[in-house]
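Residue numbering begins at 1 within each chain, and the chains themselves are lettered A, B, C and D in the order written.
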Amino acid sequence: MELLIKNGAVIDPVNGIKGDKTDISIKDGKIVSSVSSKATVIDAGGRLVMAGGVDAHSHIAGAKVNVGRMMRPEDSRSGISPRTKITRPCTGYTVPNVYAMGYRYAQMGYTTVFEAAQAIMKARHTHEELEEIPIIDKGALTLFGSNWPTMDFIREKNMDKLAAYVAWGLLASRGFGVKCVNPGGGEMWGFGKNVTGIDDVVPGFDVTPKEIIVSLMKVNEMLELPHSVHLHCNNLGNPGNYKTTLASMELANQVKASKDRQVMHVTHLLFNSWGGTNWGDFESKADEIANYLNNHDNITGDMGQMIFGSATTMTADGPKQYANAKLLHAKWSNGDVELEDASGVVPIYYVKQISVHAIMWAIGFELALLTKDPYQMLLTTDHPNGGPFVNYSEVIALLMSNKKRQEEIKTVHEAVHAKNKLPGLDRELDFSEIAIMTRAGPAKVLGLLDTKGHLGVGADADISIYDIKPEQIDPSVEHAKIKSAFSSATYTIKGGQVVVKDGQITATPLGRTYWVDAKVPQLHHDEMMKDIVKKFKNYYSIQLANYMVQDEYVTHPQVIKAGAIPVEVN
Amino acid sequence: MQTVTMKPRKEIKISVEGENISADIFSGKTEKEIQALVAWMGNQKTTIGELFMVKVEGSGPAADTKIILEGDFSRVKRIGEGMTAGLILINGNVDMHLGAKMSGGKISVKGNVDSWAGREMKGGELIIEGNAAYYLGAGYRGESCGMRGGKITVMGNALDFVGEHMCGGEIMVKGNTGILPGMSNNGGKIVIGGNTSRPGSEMSKGTIIVNGKVDEMMPVFKLEGDEVVDGVTYKKYTGDVIGNGKGLLYVK
Amino acid sequence: MTLNAILITGRTINQGATIENKTSLDYQEATALCEMNSKDIGILGIKPGNQISVKTDHGEVVVKIKENNGNPDGMAFIPMGPWANAIVDPDTKGCGMPGFKGIKAQINPTDNKILSMKELIARYK
Amino acid sequence: MTVITDALCPFCGCVCDDLTIVVENNKITDIKNACKLGAAKIMGHHRIEAPMMRADKKSEFKEVSYEEAINEAAAILSKSKRPLMYGWASAVCEVHKKGILLAEEVGAIIDNTATVCHAPSTLAVHEKGLPTATLGQIKNRSDVVVFWGSNPVHAHPRHMGRYSVFAKGFFQEKGRKGRKVIVVDVRKTETAAMADEFIQVRQGSDYLVISALRAILSGHADVVPESVGGISKEQLVKLVDTLKAAKFGSIFFGMGLTQSISRYKNIDNAISLITELNAFTKYVISPMRGHYNVTGFGQVCSWETGFATAVDFARGAPYYNPGETAANDVLLRKETDAAMIIAGDAGAHFPADSVRHLARIPVVQIDPYWNPTTEVSNVVIPVAICGVEVEGTAYRMDGVSLRMRKMIEPTLPTDVEVLERITERVRQLRGE
């Protein structure tokens, strides 16, 4: 199967293409240097052509997403569309069903999305859902930050066993990378408590969040995993937390990256860049966070942009979610997972005229506009925490147009003038910067830049074409057009197949699931397993033999090999 | 002035979805146009014309449109859904979701209504001369607000969960209600002429007046003493105390 | 004499152990029964193992009486299954769940035969 | 002889995964670790051996081929204007996925056995959410364990041993001795007899009692009358103190709450109690789910349709509203004009009026066993037993997903095969 995209205004920052008319040749799902005359031709007619969108942090599948659906039929009843000859029925806005999840990403021109958190014990569930999300390639990050084995091996200062555990945990969960959420806090939530900063000692385990973060970074690099540690900082959602965030980011200096990428990815920074001491003096410290990033290239972050209206917060930060529910008088689900983690789900409605919400909204944009290198600040809404991913086009339009931002600022609570820098920021991102924040950046951060996030030869033929002619448009003024175009791709091509045309789904192939198979010396593995066996014998409620995700749950795997630890001589 | 008269062509066993039967949709339409409107019956997509005889006299805006439903509509759901103006007169019984989400106009029913009449109603008036079933003026699953405005009057009885999650508006049931009326009341007024049980659980705002007997009181109300309302002396309670609710419950 | 009771239905281990074997006599033995305390059985003037008729607004069924002194006075328990369901309250109360517990029942001794599962269901055809 | 270790039990929501199964000549000859319920199911009973059909429900069945039965099932479903597809709890998730697809194809209502079990718990979750935990979390930590309207000794025989009461855990090294067990029920069950404390509530009064506990917990004991639901205020105050004193408390509830007068509002109220207790100490609440994979249906249905059960596909898009779209709602209204009952037994577990309606309409049954549903069916398609002869996914009562083993080779087609063939035939009949 050959395809030729002609007359596209290609934006491909990785390959230095900035809107030039470049033909793209596709064969067998990959971008190639040329195709035969038999190739099907798509005439882009001067429209914007980019690599398929890549989302490095979104909650699309698994236990807590489904809890969101179960507790929110009022959300499921919005966004309902019946089945068609090609598509299954769709439901939901903040917590769409699996089909809507795939279709809507594809309709926006996105082709690769990573679920941001799965507990190993519930990974089978995550994969059951991933298997039913159509079109997109996907993967899931595995939670390690409060796992008992993690803490035990850190207390024992045995990085070999910790590395072996991470490698085994990724295999057990068919996970792609190391997620660390409110390290130590998940365990303390087991008794309804939480850590207050990175130096607290976790009772019963005698380790600190700081040690957990550093140790996981170390073994992540020992294993040469494609992605870095993916950190959800302690104290998320608390006024004044930017100090914890900065202290956590400084830990990155203790570990050297094993690859050409960051050593720490700090996620949904909107929720971690808060000043003040309470909701009264709450203010943005996005400038401090951005400033730190501007001076440290070993860290990346993502926005977690907030969208006004309905959202469903869901995170493995259990204590935060209880606090949220109490604050909002909202319904609350909690899901402690034995020996591993705790998650919470709470609906929220972000209101323009609530000062805290308006300040939060502005923080997201400040992070993106004050961080100089777009490779360091990915576009996310931490779907559906900040808001549903279907609003990315709104975020893009706001990033590209100061005019739109100023119009929007007029409609939100006046607190943003005193508490945020956003009103005075006139930076407008260009198409290349948007392409980095939504394509090249996430691909690089995930360690997938060889095949994702660009349009060079050898890349996956994941391509989006938008109804924008970059030469003819002034995004600053014509922001409505930008928003409309990015919300609904003219074409989305996934693995060389046209899956969306004029915003409509035309085919629903099943994408691949990325997971990492990291090897460690057998000796380390065997030592580690002795502890694991004991944990199952005494503390887990299931048998070790029934723990690991079986092949049946990953029918289209894309396995990335990792692990290159030299055998150490004691 | 436009008058539309409808009558089922034959007995309806499988419920018909009647969300297109509303003054807003019928106004200004001819007989043919109304007959062509979609009406689902089970999994069959059919039309109003196939199921009902339709007679149209005159033409006018929604506010000047009157719909008269003759015969048995006890298996027609969602009549008057989202209506903003006009009048629907129903001479018999109707199925669930009568006047759901309506914001204006008036619906008057001679017979009984099934569950969820006035669900999420925002305004307008619903008058039911017979009985109402469950969830009168209530919300949809998971929503924090049921009825937000308007008025519902039931001459007969209503079953459980009257005005569940009500955030505004008024419900008057002249007869008895089932259990848990005004559950999670957040600002509506409910007047019960007859008996009820377990009223006002989790109410945070609003008023519930019970003129008959309360079979079982919720153990979450503080007795404030006697108070005269419209010339009648009631025991006045406030609650639900669990959430420091400011709801008022009057019991004779 | 007639005993007024509140009927509840629910699982028992024998009902569960025979649930995939509903044509068997074991299943009937496990589920065509009504548990009451010895005082109530005494009031009825019968002995455990005797037949009783349990009548509600929704039907009548004949089952064996069994002693269970965990039951308070006036409480009748029939294991879930076709015999119990012959007399439960079908009203789903606007939430899809019929009334399997808390049904007013009148209990009388009887000599009428306990219908087998097939005979019981045949009445519905 | 083959010995299968760490096998999973396809009976109740505990899904115990430590069974040892001995197989000789494709027959199970011995089971270790299973309870009476699990052993009875796994050892097996008399099965329906071949597909059967009859036009008139009063006449005898005639054996037919699978093809004939499948074609007739497809014809019945595709002709129906208001089909109901009910059951699912005794089948693995792979079956649920095929079932939901077929329901979409024929515009059916799909509902599962939770409708007469824990569907009210889901309605309560819509109101309040669900603060819960996996069973191992409770095993490792819980020092106060409450069973409210549930009787695990009968319904979940290994629950107390494996997870909640007798089990030893990391922070609960002493097992039973380290835990205070409280049973709240309308009668003194065998579970109550094993408890440290039994609180006898008047039938139907749970809602009032929970509200009284919440009032006391929130510092409003003054408004609580001297007795609520047959329990003295003194005892209620003491109970609140006991609950608050826990380091990690758990409440397990059963059909005593879901089926009594206030239905889901009982659970709604109990969830609020748990949420409010979390202001003092850690608490979780868990439904005691019945069938081994009734939880799984709710999971699959939620991610595929956005709604946990009782989904009406009549108009091609999911619509959900128990009270309107649950199995008994439509049967009692006599709206259903054809039904497929699979991996669940409506004939045994629905009220008489619902079964009477089933007896009047065409019914297709897909099940390994002859049961009351068979008695009201026109087409009966026997299948292999999930979890014994068929592997696949099941969700334990706490939402932990597990893979059921195949213990012996099936001799009959699987549910998945049968549903796929019916779906294919439905499409043929519609000329697709």
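Going forward, a contact is a pair of C-beta atoms (placed from the backbone, for glycine too) under 8 Å apart; a residue touches a chain by one contact, two chains touch by 3 or more.
Predicted, not measured: the structure shown is a model, and the values here were computed from it.
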Review point. In this assembly, which chains make contact with chain B and also with chain C?
Key: D
Exercise for review: Report which interface contains more C-beta contacts, comparing B-D against A-B.
Suggested key: B-D
Point to revise | Central subunit by CA centre of mass proxy | key: D
Exercise for review: Just give me the whole-number Å value for how far the CA centre of chain B lies from that of chain D.
Suggested key: 34
Review point. Could you state the distance in Å from the CA-based centre of chain A to that of chain B?
Key: 45
Review point. CA centre of chain A versus CA centre of chain D: separation in Å?
Key: 35
Review point. Which whole number of Å gives the spacing of the CA centres of chain C and chain D?
Key: 22
Revision key, fill the gap. Contacts with two or more other chains occur in chain A at residues 71-75, 77
Point to revise | Junction residues of chain C, two or more chains touched | key: 93-95
**Study point:** Sites on chain D at which at least two other chains make contact
**Key:** 123, 126-127, 261, 313, 315, 320, 322-323
Review point. Can you name every chain pair that touches?
Key: A-B, A-D, B-C, B-D, C-D
Exercise for review: Spell out the part of chain B that touches chain D in their complex, as residue ranges.
Suggested key: 13-15, 17, 40-45, 96, 115-116, 134-135, 140-142, 179-180, 183, 198, 201-202, 216-223, 239-243
Check your understanding: Which positions of chain C touch chain D when the two form their complex?
Key -> 6, 8-13, 16-24, 58-59, 68-72, 75, 77, 80-82, 85-90, 92-102, 117-118, 120-122, 124-125
Exercise for review: Report the residues of chain B in contact with chain A in the complex, numbered from low to high.
Suggested key: 140-143, 243
Study note, to complete from the structure: Interface with chain A, chain D side, in the complex: residues 5-6, 8, 17-18, 93, 97, 104, 122, 125-137, 139-141, 162-163, 168-171, 247-248, 275, 278-279, 281-284, 298-300, 302-308, 313, 315-318, 320, 393, 395, 399-403
Study note, to complete from the structure: In the complex, chain D touches chain B at residues 80-83, 106-108, 123, 126-127, 207-208, 211-212, 214-215, 218, 220, 222-225, 228, 261-262, 265, 269, 272, 276, 313-315, 320-324, 333-335, 337
